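Listed after this line are the structures, all set down as structure tokens.
Presented sequentially are two complexes of subunit A, the first with subunit B as partner and the second with subunit C.
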Partner chain A sequence: MPNIVVCFKWVIDEAYIRRGSSGELDFSSVSYKISDYDRNAIEEAVRLRNESGGRVAAVTVGSPEATKGLKDALSRGPDQAYFINDASFENIEPSQTSAILADVIGSKIEYDLIICGEGSSDLYTQQVGPRLAERLGIPCISFVLKLTIDGNHIIAERKVEDGVEVTAAPMPVLVTVLPDINTPRIPGVKDTLMASKKEVVNIAKDDLAQTYEPTLQTTAMTAASMERRCVKFGAEPGDIAGFVEALEKEGVLR
Partner chain B sequence: MDFKLTEEQELIRQNMREFAEKYVDPIASEIDENSRHPVEVFQKLAEGDWMGIPIPAEYGGAGADYLTHALVVEELSRSCSSTGFTLSIHVGIACMLVLMFGDEDQKKKYLVPMATGEKLGAFVLTEPGAGTDVMAATTTAVLDGDEYVINGTKTFTSNGPTGDTYFVFAWTDKEAGRKGMSAFIVPKETPGMQAGTHFQKMGLRSSQTSEMLFKDCRVPKENLLGQEGRGLVMAMTGFDHGRIGISAQSVGIIQAALDESIKWSKERVQFGKPISRQQAIAWMIADMATDLDAARFLTYRAAWLKDQGVNFSKEAAMAKLFAAEAAMKHTIKAVQIHGGYGYVKGAKVERLMRDAKITEIYEGTSEAQRMVISGTVLR
Partner chain C sequence: MAGAWIIADNREQTLELLTIGRELATTMGTKLTALLWQDQELADDYISHGADEILLLPPLPEDQPPGAYIPVIADEAQKKDPDIILMASTVRGKEMAARIATRLNTGLCSNCIALNLGEDGKTVEMERLVFGGTAVQKVTCTVRPAMATIPLKTFEPAVKQEGRQGDIRELPAPAPSPVKILERKPRETEAKDISESRIVVCVGRGIEKEEDLALARKLAHALGGEIGCTRPISEENHWLPEELCIGISGISVKPDLYIGLGISGQVQHVTGIRDAKVICAVNTDENAPIFAAADYGIVGNLYDVVPKLIEAFKT
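Let's look at the complex of A and B:
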């Protein structure tokens, strides 16, 4: 019966980000959600537990305000949650997130299988899973479409450029999953009400073995903009030449 | 003062939004067109414990508060107000009547299957000659040995053709006036009860509405809800609860009208710019957003008062009056903003406008709400 750890990130729901009048990103009325692929990761962890037994622990690193995210995650079926929180964990880098996760998972949680989403809905760096596996010294299987537990091994179907690769690895192992792997549930009313009754282990910055410093610096963040020139082109050769000319004039082609 | 929902309420609302987008939006136009009760949606609602939110877990419900139920009706109605209403009357009136007035056996036998969503409830009060004037009803129930014999004709019964458990109001002692009406639980397929004409309506079309005919319909004595003579009080209490649901339904309609109007007005270009940048349109949307908040806060206040265990009749009537009239007013504006495109079948605003009208009529007309409100403030 495997002990499964599933990692999730509580992110800004991109649907609520607005563009300010001078092109800046406006986060003033945003709502948060569990990162999209992490919902698949949670669903897969719970599905495997229901099939093979064992336990599922959901782990997240974030700001102390993210308690709604914990309830959301727990309403989707995990047995308990580890909430590694500090006000300074709001906008940390993948290198820090993976180091903090490795610190806690390696020292406090028994695990046979760790499931992460392929990438987060906000940054989508696809780094946290592989970096975490590296720090824990366990195999990592990415782009996973299907997972099966076979004795002490995990069998994973991976999406690769020209097909599907079937891979096996001994547990403990980390996998990162694609959205194709399952359809996340919509929690029922009782699931949500029961979530706050499940165990949450709070872990503070001071409980970590060390501090993990950022290596990147964000200098600016602006909204992508789109301007319409309202020019129409037909399919005639002359039009196509005109189209290329227009792209060059706008600096799209150089 | 705190306008914040709990984290659970927010999550439940978001989950219902996702549910409605996934299961209801794709069929809303079709069930309106065909006047079809979406059985498949109600099976899914039952699976997710959405059919008995404010009913205690021991009676098959989710054991949450009434405000949570209102939030769910609102979000469901935002996608399809017929579906939202069917849920609202099932929980707000049918389930609540047994919870508040039923004995332990009745709760086990009738409330549990309704709260789990296995069975659908229907409220059978209105008659051809007795709408707002409930006292003009003529349906009777006469005790004969161990059974009551019900005779009469009811009409405009929501869930009439599709219900499983009917709450039927009839005179047990006409002479006793306001203390002469009683309520009975009549299960589907009880001989002597049958759904009559199934009405084709202007809006709210996937909600099934019919006459209910009673001819020597015999129910055992134990199917009397509460005591004899308390029917009118029960009906009024049922309405108080149901009205919060209709208010929430109306809020969902206004929200949908606003969603559609914002989306459309930003896309639709006339005179060289999106119509959202024409003041005439922008102000319509400002008024819509303002009345939406007002309707929403009146609705939440009524639900909150209910959850506090204090009297909320006047507040429920105010919420229902305001939200229903705002829903009608702003769905007309939403069609106006859409112009000809909003008048075409299949446009969501066209359905919203037809659906809105009934909120000013059922579970007490707007005039009846003013009677309740003035009756309280002028007391």
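Let's look at the complex of A and C:
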């Protein structure tokens, strides 16, 4: 029965980010969510456990405020959670996140299969899964749309540019999953109540073997500019004519 | 030691990376090295397109993924200490880049859309989109080598120059990867590539039924363009193949004219059209975000507006 570890990130919901008057990002009214594709990762971990038995541990690295994310994650079916938290983990970059995850997973958690989302919906670097596999020295299969456990092997179909590759690797193995793999559940009230009874293991910065310095530095973060004319027309005949005339003047019609 | 390295799955991607690689190598006064493991005949071709050196990796058995090369590439990079490694931002390339970066204990700018040399002539300043395209993040690597993955079509392919000379070196064969490829299923649908189309009519959730796509097709036809769609249309409804899905997780288009029909304008989609010359939108909701991203908008029901547009464009 496989021990499954699923990694997730508690992120800013990008739909609530506003653009300030001088192009700066306004985070004043944001809310948080479990990163979109990490929901698929959790769903897949829980589906495989329900099929093959075993346990699912959900692991996240973040600031101590991310506790809501733990409850959300656990309400989706994992058996327990590991919360690696420190105020300094708020804005870490992928090499640090993967190193911290490897530190904890490698020393404290039994695993046969690790599942990550293909990328987080905030920074979308798509690095943490493959980096974590490399740190742990285990095989990695990324961008997976179908996953099966076959004895001590994982069979995974991965989507590549020229089609689908059916691949196999011996466990322990890490996979990153695409949103195509399943439809994540929407937790109900009962699931949320159950979640609060599940075990959460808190891990502090001091519990790690070492500190991990950043290798990538963010020098600026600005709103993406979309300078457009923003002319609006109605649907009356005169409007349609005005619209077509505008396009003719732009010289974009043949 | 120094140098700029480029690593890509195939010739098309390599030529694009040769363009930016050559520019960087020349400015930095260093050597441009291209890795090659597919068609070994391409070594001279890459040299004539700007490479100073080719590192040849021996072909892999049929069941081995290119990820098998990672230890060999990382070892060579440790020995030669390049300033920068650029890789194609493909499925295989992204995974390989993250794993090579881990072995080299360096930073990696994923999906890098712009890249410049800083004033010191050494620091590579890189840009990428974050928060679904809402924001631009600028990054630098604090350790050598700087690494980036670069999406397809970010740079023009390199131009061939006659008489260029270069060295070809062979790297050792890698140990087998524990990951084995059991089967390769080629892509089933061969949808048209609309990334270079001059006119694109795009459909979103405002289209009520699959049959109504005919209306969008008619408009595209009247304009001599192609149709595309947003993610829900390809992924949830399966009305159009995903090759036509425009957005941050799909394709990017840069037509002269883009017309969005029944599209709300989520940033994930709008990011895929940011390089369009003129953006138009038809939507019933005058507060739809698409109007803020459009040059010309029509507030109205697409079922009423589109037939009128088809009529107008015909004349």
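Keep in mind that, in the parts below, the second predicted complex is superposed on the first by the 228 of 254 C-alpha atoms of A that agree within 3 Å, B and C clash if a C-alpha of one lies under 4 Å from a C-alpha of the other, contacts with A are read in each partner's own complex, and residues count from 1 in each chain.
By definition in this document, contacts are C-beta pairs under 8 Å (C-beta built on N, C-alpha and C of every residue); 3 or more make two chains touch, one makes a residue touch a chain.
Bear in mind that the values here come from a model prediction, so they are computed numbers and not experimental data.
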Partner chain in contact with A:Asp162 - subunit B first, subunit C second, else both or neither: second
Touching partner for A:Ile186 - first (subunit B), second (subunit C), both, neither: first
Partner chain(s) touched by A:Gly137 [first = subunit B, second = subunit C, both, neither]: neither
Subunit A residues touched by each partner, larger count belonging to subunit B or subunit C: C
Which superposed partner A:Pro237 touches (first subunit B, second subunit C, both, neither): second
Residues of subunit A at both interfaces, subunit B in one complex, subunit C in the other: none
Subunit B contact footprint on subunit A (complex, rising order): 33, 67-68, 71-72, 75, 186-193, 195-196
Contact footprint of subunit A on subunit B as seen in their complex: 7-8, 10-12, 14-15, 18-19, 22, 47-50, 53, 57, 62-64, 68, 72
Sites on subunit A touched by subunit C in the complex: 12, 14-15, 17, 19, 25, 93-95, 98, 121-127, 129-131, 133-135, 139-143, 155, 158-170, 179-180, 213-224, 226, 228-235, 237, 239-241, 243-244, 246-247, 250, 252-254
Subunit A contact footprint on subunit C (complex, rising order): 9, 65, 67, 70, 90-92, 94-95, 98-99, 101-103, 105-111, 125, 129-143, 177-188, 199, 223-224, 235, 248, 256-257, 266-267, 270-271, 274, 277-280, 286, 291-301, 304-305, 308-309, 312-313
